[in-house]
Amino acid sequence: MRWINRRIGRSNSVLMGLMPIILLLIVYLIIAADRNAINPSEKILPLPNAMVDAMRALVFEKDALSGEYLFWSDTLASLRRLGLGLAISTLSALFVGLMLGILPPVRATFGMLVTGIAIIPPIALLPILFIVFGLGETAKVALIVIGIAPFMMRDIAGHIGSLPREQIVKAQTLGASTWQLILRVAVPQAMPRLIEAVRLSLGPAWVFLISAEAIAAEVGLGYRIFLVRRYLAMDVIIPYVAWIALLAAVIDLFLVWISRSAFGWAHGSNR
Amino acid sequence: SQGPQEDAAPKTDFKIGWSIYAGWMPWPYAEQAGIVKKWADKYGLKIDIVQVNDYVESVNQYTAGQLDGVTVANMDALTIPAAGGKDTSAIIVGDYSNGNDGVLLKGTNRLADIKGRQVNLVELSVSHYLLARALESVGLKMTDVRTVNTADADIAGAFTSPEVKAAVAWNPQLLTMKKEPNAYEVFSSANIPGEILDLLVVDTATLKANPNLGKALTGIWYETLALMQRDDEEGRKARAAMAQLAGTTPEMFEAQLATTYLYAEPAKAVAATSDPALIETMKRVRDFSFSQGLFGQGARSADAVGMAFPGGRTLGDKDHITLRFDDNFMKMAADGGL
Amino acid sequence: MSAMLQLRDVSVEYGDKIVLERINLDIEDGAFVSIIGPSGAGKSSLLRVVLGQEAPTGGRILLDGQPLKPECEPDRGVVFQRYSVFPHLTVLGNTLFGFECARAPLTARLFGNRRKAAIAEAEEMLHAVGLGDSLHLYPAQMSGGMQQRLAIAQALIKRPRILLLDEPFGALDPGIRADMHKLITRLWNDYALTVIMVTHDLKEAFGLATRVLTLDKRRHDPHAPDRYGATVVFDLPLDRKRGGGSELNSESIVDGAVIDPPGITIDKTCNI
Amino acid sequence: MSAMLQLRDVSVEYGDKIVLERINLDIEDGAFVSIIGPSGAGKSSLLRVVLGQEAPTGGRILLDGQPLKPECEPDRGVVFQRYSVFPHLTVLGNTLFGFECARAPLTARLFGNRRKAAIAEAEEMLHAVGLGDSLHLYPAQMSGGMQQRLAIAQALIKRPRILLLDEPFGALDPGIRADMHKLITRLWNDYALTVIMVTHDLKEAFGLATRVLTLDKRRHDPHAPDRYGATVVFDLPLDRKRGGGSELNSESIVDGAVIDPPGITIDKTCNI
Amino acid sequence: MRWINRRIGRSNSVLMGLMPIILLLIVYLIIAADRNAINPSEKILPLPNAMVDAMRALVFEKDALSGEYLFWSDTLASLRRLGLGLAISTLSALFVGLMLGILPPVRATFGMLVTGIAIIPPIALLPILFIVFGLGETAKVALIVIGIAPFMMRDIAGHIGSLPREQIVKAQTLGASTWQLILRVAVPQAMPRLIEAVRLSLGPAWVFLISAEAIAAEVGLGYRIFLVRRYLAMDVIIPYVAWIALLAAVIDLFLVWISRSAFGWAHGSNR
């Protein structure tokens, strides 16, 4: 059977998907074991037992200074910032993306601006951001929003802009005003795409979150990673990154699930 | 593999990393001025002076074996490569910070007012150490302040934010931050002379296999220092070039040099290295680092990392000596034996 | 009184290609106009300009004596050739859409009793087009003919003043097609609609309409096929009048169709 | 010898909805089978399983006695109901695609003389479907009927062993439709094709085919419309034989069609 | 006329697009003038004349030491890295995206891996990156590639995966093998989307380039920005950022132009 036509069952697919990941893990273990054999205090590629040791204190023991379980307070702080950043970005992307995509005058006026903002690397202008947003939580959330929202806006605008013209015409002949058309035709059809855009932005969002936490923070996953980078504690960094990947994967799966259950029409077998 | 315990074979190509700091600017200048090539040729070597913009990354890369040597502060030499099991030799003690690091407060010039404030600084760096020493000097404890980790590249920008009321930083950021209206320097490394040292370290195994590398580097260093210390046109030109390499103006650079105590003559550096006060300093740095967990979760005592000093004196675990203050090459330079 | 819809020297071009050339046409209020003509002649293009979806390249279109805005208004309904319905709405949702827009300007959604009333109306229309059993299917779950019927129901339920139909019954079997003929005739009668319908079925064209237009090229240059556009080559008024029964004997179609295939004979004398 | 294509208890379900129920069918090599039936009966679904696009939910399909792989092979050609052509290729590119795949396994592109030969062949086919003037248009620039003709040309030029047509002539005017009838009859004759065609035009169904199948539900439960699927309710062999002329008097259609509208009369006795 | 139907002409659209940008500039000037009036040594929001002064030396004067025009050698170095990073990302996105999108077994095996890589924030693993790729140009290009390629791969895979099933079936009935189908059906239809993906990735690519140059470089736009950031020299940073935005905008327009001229079929009015 031709490769294009081979359908893979659900459980098989999970198994096959795990294979390369397990392979990578094994490769890592071999290289790490090798390096550890040469240098018993190897820091760069620690073995799992070193990671477990390093993490145990962070996960299960209260920090003497703050009286908190560092790992969990890091996770909570980062998730709060990420959630807020994603929520603001998603809402503004929906709003601005729709306007840009469906209203030619808005596109003419603000299209260039959004492209411009999308293009300017925000981390280059940090001092100005500090003035506007200060150094606290606002700044961190703002960096996430500035980092990912313009991309999402453009993506949604592009998607809405390419809705078949017939649909727009049809809606108008059925009496839809601009507002009704946005509410009932554009928004619902933008939703699955919006979820897709959030999924694609998840990686960049973490990047900006970690950058923000690297710049000024007292708690957070990115804070901890950049802090312990000062003494090359890969035995903490690697578990933290794995934890971030796991969190991101869970969010990703959750988004897929939402999209499938709420917008089934967009996932039907397209005949 | 780049395992440091391996007996490194003799080789001729070396990479030395540096990052921007007043006391280290002679290195890139020496490269541009041809001094590096001159000495390298003399010993039949090829020495590459590599700039790493991010200081921590330069030390990390050295630890990872990507670089044969790196410019580093004494505390970081101890906590990153040495604590990471990489046997490291400090062959040049270049200078100590004599005001290059400082504690800044806004709206007050009394250090004691720092109590209860939020302090922005690069955590776990020499700034942290300086803060600890400053607090100690007025009878405060680390828990009396709240520290916020702030990236060194951004601390100058962050300090302009009205939220930030206290910060610890080093030059050149410190100079920029001092200009902020209402900012006072309440404590500086000039209050603890000789404790924050700037070194050139190389991999011990590489050095053993290639003693000529140590000779060439020491030769380069002291020839360049001699040049930049001159008060004539040439000396000025050299300093101006270094200023430009650091991305600043000659005036700013001179101001930074003024707070850097350069061991311009090798004899002075040798004296400082063999002074028992160095052991005292390193013990204090070590204890601070250990209390902050910088030796990693595995380390059970401050003695986990062993250090060796000239004259066979040691500190910490004698069986695991990974940081060696090696004055042999500076001695050779002092004796004109290069 | 002048005609409701007036086309004056209307032409449509795509780049170098001239599709429609100087079309002059008056369509009376309440007319049922069939448009026939070879594939690619420009029938759909003509509907598009009348709909307001595209502005003509040349000429003017007047509606009730006023220039037509290049914009689609709810007084004109349409069924596109490639039947397009909203993929994110069910059959019922697609049919309700017009009501919801008209009756709930702000939310475009109906609730409570008003929703029930609207649903009842929509269900009646859907039963009429034979989709009474498929209220909750999404377009992706329907056959081609079902989607086409949905598009018809969606347009008809609004009772637009002018109804533009582009091969609306093309994908339907004869039985359902006959039902549709009856339905459209009834609505045309009862609501005084003006209908413009493109079709390839001559019997349908002549059977339903009060007037048949043929669109074709008058001149053809074999070396430059894009040089001349199509125009109205025949304009045939028929004597069918509103209120009269359909000229098409729908009964015979239903009788002679799928239900009883052996009854069908190919009648060579049938000249359509 | 057993039939070329054998369906044994084939059924198709979408979720709870039973569409086709236990279909048993033998189709001989060289047959021309028309399938008629009400909209939504499952005609397209039947074509999809024969094509190999979908696997039947139940039952077996045998081709030359071998189980059919649920995969589309080049021995089966298809024209979809919603004519789909490649949007990124011109008319010529779409038509050449089949040749290029067959004759240039690695690059899927022809060059030099081989390309010239292929183009000549493609142009001939495109002339036959009336697209000779539109070689370099993209699908987005064509009318519905033109796209449908392109899809037909694309499938016919490969001369597949089994040709599956889903309402192939639905969007065409009578003149072109008659040309198409002649074309398909000629190819069926000359290349010994087996044709399975879904159509709503009974005259077409009976005029072209050697056998007419009617697909419909045998039972219908008004309270559970999805409960029973459609099956073959009539299976009518006709006496048309390969090589014989078309039963359809195409001439009369061409004569009586668009070219000369006044000649058309609605013949009420015409029982189709 | 309803807002949805207002078509804006080309020149009008440019004018309207410039308006908000000019407005922002004016706002900046007012605030900057204000701050400069209060504090004559204001560093964070410099006035244009200060920027011109600061830039003159970089743009027009040879650097005494290296004998180069710093601004231009920065630009050249950054553009080379960016170009290389984008090229590698684009090619790998095309290749991997196609395979993932069209071949179910490949998707089953590597889909999870690509998602995983897309999710892991590469800057958290910088030390490992530099160890693997060294401190030279490779690492900088690699960071760009790791940063944007997974997103592009997923985007292309999604697009190819949603090609109408009829097209795939049709191609097979016309005798196309898997290879031919990829070459003649999937690749050409992926191209316009690929260009779109490059456009959307341009912003993130600059972010990653600047991050990489901030850590290890001797020349480059990001290097210079981070170098002078220590002195809060916004009079250099702002012109540099503006220059980056201009370069990015030119690349963006160029990509739009390529897409329109080479893949006209994808931009035709969809009726």
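Letters are used for the chains, namely A, B, C, D and E, taken in the order the chains are written, and counting of residues starts over at 1 for each.
Please note the rule applied: a residue touches a chain if its C-beta (ideal position, glycine included) is under 8 Å from a C-beta of that chain, and two chains touch if they have at least 3 such contacts.
Note that the coordinates shown come from a computational prediction; the quantities given were computed from them, not determined experimentally.
Enquirer: So which chains are sitting against subunit A and subunit C at once?
Expert: Neighbours common to subunit A and subunit C are D, E.
Enquirer: Which chains contact both subunit A and subunit D?
Expert: C, E
Enquirer: Could you tell me the least number of steps, going only between chains that touch, from subunit B to subunit E?
Expert: 1
Enquirer: May I ask which two chains are joined by the most contacting C-beta pairs?
Expert: Chains joined by the most C-beta contact pairs: A-E.
Enquirer: How big is the gap, in whole Å, between where the Cα atoms of subunit D centre and where those of subunit E centre?
Expert: Between these chains, centre-to-centre, one finds 48 Å.
Enquirer: Mind checking the centre-to-centre distance between subunit A and subunit E? Centres are C-alpha means, answer in whole Å.
Expert: Going by mean C-alpha positions, subunit A sits 18 Å from subunit E.
Enquirer: Any idea how many Å lie between the Cα centroids of subunit C and subunit D?
Expert: From the centre of subunit C to the centre of subunit D is 26 Å.
Enquirer: If you look at subunit B, which of its residues touch at least two other chains?
Expert: 60, 64, 154, 156-157, 160
Enquirer: Could you list the positions in subunit D whose residues touch two or more of the other chains?
Expert: 71-72, 82, 141, in rising order.
Enquirer: Could you pull out the residues of subunit E that touch at least 2 other chains?
Expert: Residues 2, 5, 44, 126-127, 131, 164-166, 172, 177, 229, 232, 269-271 of subunit E each touch two or more of the other chains.
Enquirer: Kindly provide every pair of chains that touch.
Expert: Once each pair is checked, the touching ones are A-B, A-C, A-D, A-E, B-E, C-D, C-E, D-E.
Enquirer: Please name which positions on subunit D make contact with subunit E in the complex.
Expert: By the definition above, subunit D touches subunit E via 51, 53, 71-74, 76-78, 80, 82, 84-89, 97-98, 100-102, 105-109, 138-141, 154-155, 158, 160.
Enquirer: Flag every residue of subunit A that touches subunit D in the complex, lowest number first.
Expert: Contacts found on subunit A: 1-2, 5, 271.
Enquirer: Mind listing the subunit A positions that touch subunit C in their complex?
Expert: Residues 164-167, 169-177, 179-180, 183-185, 188-189, 263-266, 268-271.
Enquirer: For subunit A, which residues are in contact with subunit E within the complex?
Expert: Checking each residue of subunit A against subunit E gives 2-8, 12-13, 16-21, 24, 44, 102-113, 115-116, 118-128, 131, 147, 150-151, 154-155, 158, 162, 164-166, 168, 172, 177-178, 181, 196, 200, 202-204, 206-207, 209-211, 214, 222, 225, 229, 232, 234, 237, 240-241, 244-245, 248-249, 252, 269-271.
Enquirer: List the residues on subunit D that touch subunit A in their complex, please.
Expert: Of all residues in subunit D, those touching subunit A are 48, 69-72.
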